[in-house]
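Here it is, the structure in full.
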Amino acid sequence: MSKPKVGFYWCAACGGCEEAVVDLHEEILNVVAAVDILFWPVALDFKREDVEKLHERELAVSFINGAIRSSEQFEMVELLRKKSGLLIAFGSCSHLGGIPGLANLFNRESILANSYKEAFSVENPQGFYPQESIQVPEGKVTLPALWNTVKTLDQVIDVDYYLPGCPPPVELIKEALGAILAGKLPEKGAVLAPDKALCEVCPRKESKPEKPQLREFKRPHEIVIDTEKCLLAQGLLCLGSATRSGCGSACVNGNMPCTGCMGPTSRVLDYGAKALSAIASLVGSNDEKEIAAILSKIADPTGTFYRYSLPASLLHRAYKPEQGGK
Amino acid sequence: MSDINKSDNGNFEPRIVAFFCNWCTYTAADLAGTARMTYAPNARVVRVMCSGRLDPQFILMALREGADGVLIGGCHPGDCHYQEGNYKTLRRFTLLKRLLLDMGIEDKRVRMEWIAASEGDRVQRVMNEMTEQLKKLGPLHLEPVSIDTIHKKVEESVAQAEGVKI
Amino acid sequence: MPVWRGWDKIKYQAQLDPAFAEEVTSIPGGEKLFDCIQCGTCSGLCPLSPYMDFTPRKIIAMIRAGFKGEVLSSHTCWLCASCYACTVECPKGVKITEIMYATKRLAIREGVSPKRFAIPVLAEEFFRDVESNGRNSEGRLIMKLYLKTNPFKALKQATLGLRLWSQGRLGIRSDSIKRKSELKTLLKSLEKERMVRSRRETAHAGEAK
Amino acid sequence: MSTPENKTNGTPRIGVYVCHCGINIAAKVNVAECVEFARSLPYVTVAREYKFICSDPGQELIQQDIRDGKIDRVVVASCSPLMHEATFRKATLAGGQNPFFFQMANIREHVSWVTFDKEMATLKAKALIAGAVMRVARHKPLEKTRVPVNPDVLIVGGGIAGIHAALTIADSGKKVYLVEKEPTIGGHMAKFDKTFPTLDCAACILTPKMSAVRSHPNIILWSYSEVSQVDGYVGNFKVKVRRKPRYVDEELCVGCYECIEKCIFKKAKFEDEFNIGLSQRKPIYIPFPQATPLVALIDPETCTEFRTGKCKKTCVDACERKAIDFQQKEEIKEIDVGAIILATGFKIFDATRIPRYGYGKYPNVFTSLEIERLVNASGPTGGEVRLKDGGKPNSVGIIHCVGSRDINTNRYCSRLCCMASLKLAHLIKERTGAEVYNFYIDIRAAGKGYEEFYDKLLKEGVHFIRGRVAEVSDWTMTADEEGKLVIRAEDTLIGVVRRIPVDMVVLAVGLEPSADADNIRRMFNISCSYEGWFLERHPKLAPVSTFTDGISLAGACQGPKDIPDSVAQAGAAAAEALALIDKGFVELEPNTAFVQDEFCSGCCTCVALCPYSAISFSADNNRASVNGALCKGCGTCVAACPSGALQQNLFTDEQIFEEIRGVMNYV
Amino acid sequence: MNYLYFPGCSLKGTGRAYEDSILSVFKGLQLPLEELDDWNCCGATSYMAISEMKAFALSARNLALAEKQAHSRENFGLVTPCAACYLVLVKTQKYLQEFPDIGDKIKTALKSANLEYGGKVRVRHPLDVLANDFGTEKLASFVKKPLKGLKVACYYGCQIVRPYAEFDDQHNPTTMNRIMHALGARTIDWALKTRCCGGSLTGTIQEVGMRLSYILLREASRLGADVVATACPLCQFNLECYQKQMSREFEDAISIPVVYFSQLVGFAMGLPAKELGMQRLFVPFKFNPAAESVKGGIHVHS
């Protein structure tokens, strides 16, 4: 019996997820031993037509990282969906939209204008813009179209499982691969990570106050962070209470507050709204003005609470009229 | 969705989801009824025991499901049936408001009002006022999230992008 | 008047103008006309009510009932000195002074303000003076007023006028502002508005009947 | 409790019942269209309309459908759940289904009664029905818990209402704590001379009841005391009462007046509160001869011993029973009660707020309460109506509606001032023979025998002038006005302004919520009206209940009331308390919060938010847990739980999400 | 605090003495007053009777001019001594806010004349400025000739206290009394201090208007006042200038000086009579502190 065939693909993402695969180190040899990597553009020279030639569902499993932002990405994941038995959203970007998803606070026009015209570092006196198709002597040349908004993977195709994290922790990847190979997968649509919040496993949980009251919010560079004490209790906006565990507490161990890359637990629809609710509820004041003053220290609530999940949020994107909303 | 509600012409009837606390605002709305105070029929009331139960997700969900506005009604500060629930709502609302503004949801679309059990007239006023304001603002068309329903839109946007040539 | 002519005093519903009350409630300040409980606080406080043909309370009742002709031709509103005593004490928040102003304006518009009665004349003279000069000069105003209403009185008042003049308290010379055209444009722009509105109102009133 | 098991299996089968409520709903909402619409909704297997679903046959309709196995969940679209939720839950239970498989859509108070346009009303009704259907599909079976009721009752306020309620309950053999903040019970009624319209003597009917309170074995009377804290819930309130020091031992004092006689102050020189400053008292005093308890007290503000510490303390020597105790301290009593009746009364309107009536400026302008003391035989003048200089008035003007029916003060009608004014007019005329003028806007004499009393006054020659007084002043226009107070008003029936000179002006002041009403309502967690009167649960059908179970209202704390009405309401409040006690238990709403252990990460966000300390965190298993008996079901913790591990029965995230989807998605 | 000054038509005519004394007193107290440039009629009482909207427009022009002239000055007031002007200016502000319809119309009208009003002007009565901004204690320190023994009937009239003013109690105003006490004078406590003087009726239906003024003078004199102090040009005119005619109409003729409160302030400050417009009075005001008044009077407080 031949080995199951596996594909990896990279959409709107930073490349960190590909690194995560490499982070398997020698384990990757076990992976290679167990499966045939058929398609992995970042490492192997495969072309789209190679995928097109595959039979339907010939790939046992495809791992797709990155959010969906362009027509090309959409076409590729649509194609991979057809050719794959299992399709796994790999990492925060494909899971929830990720950091690239913050682009949903703007629209295509303003992003293009910024990148090609307005940004401080741009030198473009003729005002060249990327073109989606152009007539050259040799013929018509086309480029993928940039969409107006960033989408999560499951907003464009059917997704079987999710591997959360920015990037997904090696442990989770190993477990997921193991489960796939063993055919011991949970119900479709599951996130392949523990379903409890990070506080459960936080090394600092002993020091979390039983009745936390937040009187002041601070940013990490503003204070000397105690390496033992609950970060929230120190005034840092640690989102561990709202974030799925399974990351190995990497940030907290690194003396940095959790920023929420693993996304919400299964009972929460909108990560940002829920995290915001938890944090705001703990503000230690009942005075309207004082509440506003305390909360004003949270510099960018949208960017903070939706750092990894804006496209997956209920609102999905900003709707400012000047950005083509409403 | 009915076209009576969502038409872009002058007859636009905004749809409001109103979350009222059982003890003050819901009772006030009952009182407005008993007193036969007619007001704009645009809000659909969802009763919660305390405004403190309001998860910001509910507000976003209402907008996502097609509401043009969300009204939150709770007891006056200091009058909460559960002592302090309304203060907690206030805390969340203060922060949520900033987030909503970032997301382009206008200030007047999501409104919080303290309405005591005796203030039936205030229910009437707030309902009328908010309906008027939303009529001025127009419908809040949130873009559908899933690709199935937006496939066409994506194509349009591509076509549109092709039109944007410099 | 013979006793048997009493039937004359009956007011038939057909003689009343049911739209009159609405006309008054539609002016800013007239909103609370229907809140009146006829307690008489206004008339009791009014230093001028003894001289009025109908007390302010009665005027309110008459407006509500549609006694348009009687109200607009009555002297009451012209005796109102706008001291606002009624307005601040009214237990129902009826802005009686504003209603008096409204009846003054309606009376002038309908041309039924009392003839040769000094006050509307004063108002109109004042209005004209200001319209053209931007300011009024009391001396000229009073002189014109007496000439229009009661020239004999002007003579009677001459001593007072002379004395005022001698103490530098009466200017006969007309005072005016510098940028008259600015003022004219300002007031003109409202006239257009008013004409459109009054046409609309007339049309509306026609419908009501 | 015999709650049946969850009898649903698989997909919910929902019955929707749309009520006509006679024409209350049907006149505005197209009921048939709503039923048709309901049929199109998911899970709905039965949809019916009925004239009055709350009626027996209406409820039977629901029960039969459940019994027939057609439905397992119920939606009734009718009035407010605050009105009939309990009724239909019972009906659902009677049909053999869990009572919480029920949801109500409020299409009367929130739709038909408040919507002008029929089409819009129908549309809104449909939305609410869809919301209820979607929600009830997610309901889970729940059970109410039963808690025993403490049989003791607390009554706050010892006026006629509090007294009557206390005696009623005590007579049934239950224990009553009666807490009064003044040194004596009796309230305002104790200050009156005669009562309208029968003119029987207030003291003659009140004092026997006051002594009955004092001697009743089941009543614990704490006068000069205030409630300082209330915790708990219906059937199980925990109350703290602050007993202010009287500096006279209540058990020892026999009210013999010896100490007062021997006080170093030979003459009384301090304002007598009971007589509203119309007479004086000493630093040690008994408010009035029939005071209950008849115990002296010392006012530390005026007592020389308290002020200087150098008094000869003649009072101490005079007291044979050694009752005087300068060291007495404030005492906090903690009691457990099952029911509470608030009878905290009212205060009279402060007439200085209407400067043009001259109260506080002209000495001979009195309030009606002051006149009550003047006409009272045991009052400061022995019942003689006297001017400030001791003279007899020849003419008296009584001004009605002072501080009532006026947007500048109070909008409401104080209800009893008309009759009180008529009574005072009669008494003044009887005692002095003076000409009495009543200035009124409307005479409100709607009560048994009240109109007849008005007739009597008209016959007695009391003048009635219909016109609200513009001003009371001392500026004169004619010789006969010199030295008098001139009342200026329009006689609206004649249509002229009149100036009437009088010697004495009586201001029939209105009633206002007592000064501490706001504190009281916060402490007892009840609502109040815009003006500050305590709010009843329903203006018609639950006029003595409040929105807080176990707390009822009696007397004028709920709104201006005369004596018969206060007493009637006190009786009703007592009956309500007794009904609760006799039942012996209360069933608590099961809408409590609960932790799903398998999801809780022990983040403690919830713990800080609970005002009732119902959530505790255990470090052992790193979980929070909710004590169902303490949880009152606000859901604040649930909204904040960052991982969705906390949920609230009847208000789970899922249920609310579905309701939102329901009200938005189907119309 | 910076002050612009809106005189209004009357202060340039019958109320000259009011202007004289206000300007002198403010100068003496080092509160510079700068006259509003090209101000126009406020649109008061009579004008309001013809067209309310135009009256608002007139007022709004003044307010717009004031805002422009006060440009960049943070905290400024438009001092308006005339009661009628004061009322109309304040009323206009209230109406522009309360009735968006009117606000919009006036805005458009102003725009057509290249004017704009942003709602920043605070209309102030000199009584308000002296009692509340400057303060009576400070004022007392400027007094050189205390009015000891002088009994003043403070007459506020109607329009500075009703219905819009906020600087004093509508029912029982006291600012002028406090100012008089600061000058060392005594004031009578009378019921008529805000009762109407008859306003413009004295000129139109003299029989009625004069009677109203007469009632006021009669009561002031009955209570033993030496002088009536006023804060409105029309009140002063009505109460003072018709005293001769009153003596023909009514039996108990009254002759009592009627001055502007500002004249008394200036007098106590020791400013020359001429600068206070004293020579313009019909009934001369004389006061000799030595001859303390001992006239009866029941309701006197110091």
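Going by the order they are written in, the chains are A, B, C, D and E; count residues from 1 in each one.
To be clear about the criterion, a residue touches a chain if its C-beta (ideal position, glycine included) is under 8 Å from a C-beta of that chain, and two chains touch if they have at least 3 such contacts.
Keep in mind it's a predicted model, so treat the numbers as computed, not measured.
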Margin query: On the document's contact criterion, could you list the chains that touch chain B and likewise touch chain C?
Written below: D
Next item on the list: Determine the set of chains touching chain A that also touch chain B.
Entry: D
Check: A-D versus B-D: which has more C-beta pairs touching?
Finding: B-D
Notebook entry, point to check: So how far apart, in whole Å, are chain A and chain C when each is placed at the average of its C-alpha atoms?
Noted result: 74
Check: Where the centres are mean C-alpha positions, what is the separation of chain A from chain D, in Å?
Finding: 57
Checklist line | Averaged-CA centre spacing for the pair chain E and chain D, given as whole angstrom | finding: 49
Next item on the list: For chain E, write out the residues touching at least two other chains, lowest number first.
Entry: none
Margin query: Could you pull out the residues of chain C that touch at least 2 other chains?
Written below: none
Item checked: Residues of chain A whose C-beta touches two or more other chains -> 268-269, 274, 277, 281
Check: Mind giving me all the chain pairs that touch?
Finding: A-B, A-D, B-D, C-D, C-E, D-E
Margin query: Considering only the defined contacts, which chain D positions touch chain E in the complex?
Written below: 354-356, 471, 473-477
Notebook entry, point to check: Across the complex, what residues on chain D touch chain B?
Noted result: 80-83, 106, 108-111, 113-117, 119-121, 123-124, 127-128, 131, 522, 525, 527-530, 535, 539, 547-548, 591, 609, 611, 632-636, 638-640, 648, 651, 653, 656-657, 659-661, 663-665, 667
Check: Where on chain E is chain D touching in the complex?
Finding: 169, 171-172, 190-192, 215, 219, 222, 299
Next item on the list: Enumerate the contact residues on chain A facing chain B in the complex.
Entry: 71, 74, 105, 108-109, 127-129, 131-133, 145-149, 151, 155-157, 268-270, 272-274, 276-277, 279-281, 283, 285-286, 288, 291-292, 295, 298, 301-302, 305, 313-321, 323, 325-326
Notebook entry, point to check: Which positions of chain D touch chain C when the two form their complex?
Noted result: 356, 401, 405-408, 441-442, 466-471, 488-492, 495-497
